[in-house]
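Here you go, one structure.
Naming follows writing order (A, B, C, D, E and F), and every chain is counted from residue 1.
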Amino acid sequence: MFSEGCGKINKMTMTININTHIDEVLLNALKEDLGNGDVTTSSLIRIEDVSEAILIAKGDLVLAGVPFAERVFQLVDSSLKFITLKREGSGVRAGSVIARIKGKTRSLLIAERTALNILQRMSGIATLTCNYVKAVKGFKVKIADTRKTAPGLRFFDKYAVSAGGGHNHRYGLYDGVLIKDNHIAAVGGIDKAVRLARSGVHHLLKVEVEVGNISEVNEALKAGADSIMLDNMSSENMKKAVNVIRTHDPDVIIEASGNITLENIREIAGTGVDIISVGALTHSAHAADLSLEFKPA
Amino acid sequence: MFSEGCGKINKMTMTININTHIDEVLLNALKEDLGNGDVTTSSLIRIEDVSEAILIAKGDLVLAGVPFAERVFQLVDSSLKFITLKREGSGVRAGSVIARIKGKTRSLLIAERTALNILQRMSGIATLTCNYVKAVKGFKVKIADTRKTAPGLRFFDKYAVSAGGGHNHRYGLYDGVLIKDNHIAAVGGIDKAVRLARSGVHHLLKVEVEVGNISEVNEALKAGADSIMLDNMSSENMKKAVNVIRTHDPDVIIEASGNITLENIREIAGTGVDIISVGALTHSAHAADLSLEFKPA
Amino acid sequence: MFSEGCGKINKMTMTININTHIDEVLLNALKEDLGNGDVTTSSLIRIEDVSEAILIAKGDLVLAGVPFAERVFQLVDSSLKFITLKREGSGVRAGSVIARIKGKTRSLLIAERTALNILQRMSGIATLTCNYVKAVKGFKVKIADTRKTAPGLRFFDKYAVSAGGGHNHRYGLYDGVLIKDNHIAAVGGIDKAVRLARSGVHHLLKVEVEVGNISEVNEALKAGADSIMLDNMSSENMKKAVNVIRTHDPDVIIEASGNITLENIREIAGTGVDIISVGALTHSAHAADLSLEFKPA
Amino acid sequence: MFSEGCGKINKMTMTININTHIDEVLLNALKEDLGNGDVTTSSLIRIEDVSEAILIAKGDLVLAGVPFAERVFQLVDSSLKFITLKREGSGVRAGSVIARIKGKTRSLLIAERTALNILQRMSGIATLTCNYVKAVKGFKVKIADTRKTAPGLRFFDKYAVSAGGGHNHRYGLYDGVLIKDNHIAAVGGIDKAVRLARSGVHHLLKVEVEVGNISEVNEALKAGADSIMLDNMSSENMKKAVNVIRTHDPDVIIEASGNITLENIREIAGTGVDIISVGALTHSAHAADLSLEFKPA
Amino acid sequence: MFSEGCGKINKMTMTININTHIDEVLLNALKEDLGNGDVTTSSLIRIEDVSEAILIAKGDLVLAGVPFAERVFQLVDSSLKFITLKREGSGVRAGSVIARIKGKTRSLLIAERTALNILQRMSGIATLTCNYVKAVKGFKVKIADTRKTAPGLRFFDKYAVSAGGGHNHRYGLYDGVLIKDNHIAAVGGIDKAVRLARSGVHHLLKVEVEVGNISEVNEALKAGADSIMLDNMSSENMKKAVNVIRTHDPDVIIEASGNITLENIREIAGTGVDIISVGALTHSAHAADLSLEFKPA
Amino acid sequence: MFSEGCGKINKMTMTININTHIDEVLLNALKEDLGNGDVTTSSLIRIEDVSEAILIAKGDLVLAGVPFAERVFQLVDSSLKFITLKREGSGVRAGSVIARIKGKTRSLLIAERTALNILQRMSGIATLTCNYVKAVKGFKVKIADTRKTAPGLRFFDKYAVSAGGGHNHRYGLYDGVLIKDNHIAAVGGIDKAVRLARSGVHHLLKVEVEVGNISEVNEALKAGADSIMLDNMSSENMKKAVNVIRTHDPDVIIEASGNITLENIREIAGTGVDIISVGALTHSAHAADLSLEFKPA
């Protein structure tokens, strides 16, 4: 089932800024584990010893994070050889070998846990995302992530969603306008909120509004919202809302959100929305099962 | 059921180093969300506007991370008033108010998601840990965490385990010796490994060895291990191993590890081990459901 | 003329991330000036000496950056009293007192140059922006900045443009899509470029395309661009382009760019474009003339 | 006119500390532009695409900053090939090709703006400095910079002055004693100020005093100043001051300062001073006009 | 005498974390010396000039820190060739050449002082440690360091102790339990203190208690301490204490501490303790005499 | 003997940059000791427990570093009360109470070692410096430090020298020109070296040259050196050199350097030099004996 995966990542698209950010995160992870040194490894293993290890899947999973795992090994020891055997975003069967790593035994042992922690988290997210994507097969809807990511790991979490075939929503509070219930309450109405947003931000940002019922849908449409998020509505009401919106302006983008599960997502997809955003992708995925095995000397 | 919780944390025990570390993590989380500013909030809300919001549980949970959520609000705006109503580690029913926060509307909206992300993750871990702790009620065994934590969040993850009534294993590679299968393979035997560890580390560190069968248990005992980890053994074999070890030296600490679930943990506790370590506590907990609600103006 | 200013800033709208960014920039500026200490001041002035100084305009200017100048003084010595007498964005006549600062003489002398450097640059930008804004009085066009800012000072430069009554374009490469000639050349056509952008970015970002003639305007319209930048076109051609665009879709935003000067901007405004972006605002403004004067003891 | 330039820089003379400082500044500039990624470029350009671009002068200018522009490209992508065709400090005609850059199209597009921003600022400063240097041709006077540099960019600004043929004054408050009017007022007299400075700093620093009239010149000489700055004096008074100083001690270094322009500098040079310092070099230079042009594929 | 040295370091055992820490320390040292540049060297030496220099011992010493000195040269200029001729931890006679360094003259001169400062401190510590180790020749006791290291230089100081043949005690407050007199006073008794420590820390840490007399020794034994530190006791009392402890439990580790000198250490070793810890190793060692000599061109 | 001290520090003269530098150094020192927490203290002491402790001298010493020790306590816990009883630079008898500190027991125990380490090092340097200063009583010579300081601790080391009555030489390579033997060898002569330095650095820096014999003294004088360092010369030759220099130009500053000890310094002072620089002040001082004692509860 997993063998074809869901994602469409060809290669990582990291740029300078993201690269320095990634190294910072990975180094912090290494430092919290390593402190002033690996007392076990440095007592047991001679500096000159070399080993070969394989990274294997212990369960079926959608793969995400191998380039980051590789980077962890490189940060520990740039002389390690890391050969990747499986593509990011591909489905991988239990027992498959994902990568081979060769070099100083000490370096392999020191990097092991940090590399696995990142790979297990990311592949867990990709696998869960892929399950959601497959659940809406046949519909033209996109499965999107949210800002409910682990503190400091948003890039990694969103990358994993992408590897799992999901679509990335805005990255943060700065690259998209999303007017939520609390904003509306504070401002005193959808119409005023949309107008303030339109004039307050630069001309290349669209304005999305969160609504909870048909009457608010109508307000949002009248105010000229570019996108409408249907939050915690029944699928029946969603269907009505989609109808109202499409009739008014077919260019408005419709997003469904709130309490989405693998059980109810197909029904929601059936309402005709463009995007379904799912917080669980990044805040409640189970770690994928992966391990590093040393080849006997 | 949750009302009494499981944890025993009175107050946070943060020291200088951990404090600067905590602020660093929380600021990084704020920065990745906020970038060059919250375009929605700064367009909609006037600087002088003030609001009051409550932090509420939307499901039953064991609480962890409130001081960190409070710190997020303070880092955004030190003039916010944050009143904590529930104790760390306590069981909290759905609908309970956990804290009240008052101050600039902008600040509340900017801090909201980051504060919730950390609180949801930590309370999720505490809740799962508490479930494990309750599952072994009546046994003298400790439920321990592992190094399988989210990259960069080990302090938070381990704190949450503690709030959930779990016990913290070594923090990293530097403050405890744990000889694992890969070490033994590389060194060429348990006896040699234990001896090298004993002479290679300072005199205040104990030596633990991972074993997979009774014959290795005997090797470890002969080598003088201070602690033995029974990895992935059947509960029957564990019982035998415990017997062998207790007979040989009652001071040796026995840890069980590998594929522990809520279903099998009670049986494992019955084998008489001292500690059961569970990776899932930190790598596969579901986010607890919490939200921030603004009071109508 | 300057007395009413051009800007509409009520108060600074800085949030946590920007605040830490601001402190970082100001501290770096202080450090490069101060090195291991102010050898003159520490030799001449006793630690306990106190003074009062005034910040005065030596020429007519539009004010920008006083809160940052104040922050410089606070970073040097948090016990200094800084009283602001003029509003950000207001027009200030030569000779006007902008602020009074009281406290340790050493602290005043150490902070002086760094505070003035930032204030002179920012007020220079605000003053130039205000001149452009006044030059198009009567037209509904916005004067916008560009990404041609001093390295590391984008926030300060854009804030100053805003204080001068200008409008901020996208902040960087990450919060707005702008397809430029080099992109089009590399991709092989406007149509393909717009389609790729539309499907490649999240649904809350609009797509702007740079064009150089009417034929490209038509291509951009057909491709469904949300915004069109007329680059380096004659005002006659611009007028034609505006006509074509408005006829096709009145919602498309039109920006003029390239070789804009105080001499030609009114003519360009007359073409009916929505936005005129001017690189000179931030890369070629003259420093405003301001100084710090100590009151005789 | 510009073809020979003014500067005497052979090669950059950067050392470790300055190098790390330079990278820090350039990375900050890249980060503020790039945020979490270039959304346009990553949508439009495939990772494997390569291009060639040329850096060309669009106006006559004195070149400064090419090694830093090159470093920006390298920081984005170390595999880019950057071939420099023009020497730092040389005069360059409009239309001249300054460098050729080849490599990944994405990398070129991401680095473009940041590289140009630094190059345009630095060449603008060098060009202005060269104009001042040429204005005093025939006199033995040096054109010097001041501490009126853009916050955080002092190294770059002073390097550009040097490339334009100017001379660098003290770098900051820590590597030279300059007693200004405010110091004298606070201390209560030139004589006391000079004596305090002499005994308060180490024996390898000279003492310069700012004076405004002949009577102060005499005080400074009596106090034994090593250098005297004539601030905001008429050229007539300057001439008298120079006479007084040279008569008293020919080793005293004389600096002119305050309201220096291209119009009056030759007259000031005629007074016989050793150094003329000009704040405008770094705080009011216009950006030089440079651009990056992609070669058609 | 020194020719054979005392240490047993084969090669440095630095891991990622320690590497980044080391570079940070060395760069900080370079920066505090170099500031905005070496004004002497950059005026005198042409960029293209090359030289060869030798690092020589000016007195007998035990060598420590050469890899760090090499790293200083590399951080200044990665093109320098550094050839190490003497092994870490070896005894070196006055006049011996320790390393040859070739490359840019500027780089050699800039790195010289910082490299020497670290090498002189570390070799001073190694030499003093070796003297203590030799003073107890024939006894099975270990000479250990303490936490009395120079602020920020613990890794370097402890490495040097190891190079001198000493043994490293716990690294800091986090990787070993040591209950001191102040702890006992605050808690109210040895027994309670040991019990609290045992239950408060993870199971892989041993518990050591500081005692000052036989009665406290007995309390510590009864409380089940894993290790006992005899602090500031007479050698006669130490002998008694060792006797009491060995009789009670031969596995308890015994450490002597307090006012240890080269004069009294042999007597203390004679009491039969396992470890003698000496603060002077790291807080009062004299710098070893080393210098960098340029070969005539 | 020590009761009057030697230093002339009234109060610390730290400015912004130095303050952030100081905090950085102290935090690094705390972090290397504290890691992820003080396992002993957090197990034994309750959060709410408070104590009072005194900082006492265990030997006669000249005090230096109390403000930094105080800062360490504040960085750990800003609620601690620290009352200083002895003045920086004063002579303190064994048994004297230097400060009283009250507050959380945990905070006192965590800060103790780091505060003592810095205080012991700095007071050790001040004490040694004071001994040198007293050794030349009656002469008008200054005892100066060198750049032979502990890596990263130059500010602290030089501050301590000042507290001990010594004089601070240039801070680093950037704020003073000192032409040494290696420079001269590389350049090819004293005359050329002095001329290059004079024209290469800004006009507020003096030029000092190191010489080893009378012939070089004459070269240096002819070249117009502002200051001459007599390196490793016999006191007889020094006397001759002083004579030659004073005759030639009484304004030239004369420094003696190389193998200065408490035994020979008075003889060297007798040669009439202005400054004697002593590397041992900072690289070979013994730690002063100080301790923190808890008052019985």
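Basically, a residue touches a chain if its C-beta (ideal position, glycine included) is under 8 Å from a C-beta of that chain, and two chains touch if they have at least 3 such contacts.
The structure presented is a predicted model; accordingly, all values stated were derived computationally and were not measured.
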{"item": "Option reproducing the contacts of B-C, where over half of them reappear, out of E-F, B-F or A-F", "value": "B-F"}
{"item": "Most widely separated chain from chain F, with each centre as the mean of CA atoms", "value": "A"}
{"item": "Fraction-based call for chain F against chain C, same above half, different below", "value": "different"}
{"item": "Most distant chain from chain E by Cα centroid", "value": "C"}
{"item": "Copy-to-copy rotation for chain B and chain F - C-alpha atoms, rounded to a multiple of 5°", "value": "120"}
{"item": "CA centroid of chain D to CA centroid of chain F, Å", "value": "35"}
{"item": "Centre-of-Cα separation between chain B and chain A, whole angstrom", "value": "23"}
{"item": "Between chain E and chain A, distance of the C-alpha-averaged centres to the nearest whole Å", "value": "47"}
{"item": "Multi-partner residues of chain F (each touching 2 or more other chains)", "value": "32, 34-39, 42, 110, 155, 171-172, 174-178, 205"}
{"item": "Arrangement of touching chains [line / ring / star / complete / other]", "value": "complete"}
{"item": "Chain D residues within the chain A interface of the complex", "value": "27, 30-31, 34-38, 42, 47, 75-77, 106, 110"}
{"item": "List of chain C residues in touch with chain A within their complex", "value": "167-171, 174-178, 202-208, 226-227, 253, 255, 274-275"}
{"item": "Contact footprint of chain F on chain E as seen in their complex", "value": "25-26, 28-29, 32-45, 49, 51, 53, 105, 109-110, 112-114, 116-118, 120-121, 124, 147-156, 171-180, 182-183, 185-187, 193, 196-197, 199-201, 205, 279-280, 283-284, 286-287, 292-294, 296-297"}
{"item": "Residue ranges of chain F in contact with chain A within the complex", "value": "32, 35-36"}
{"item": "Chain A contact footprint on chain E (complex, rising order)", "value": "10-11, 13, 15-18, 20, 155, 171-172, 174-175"}
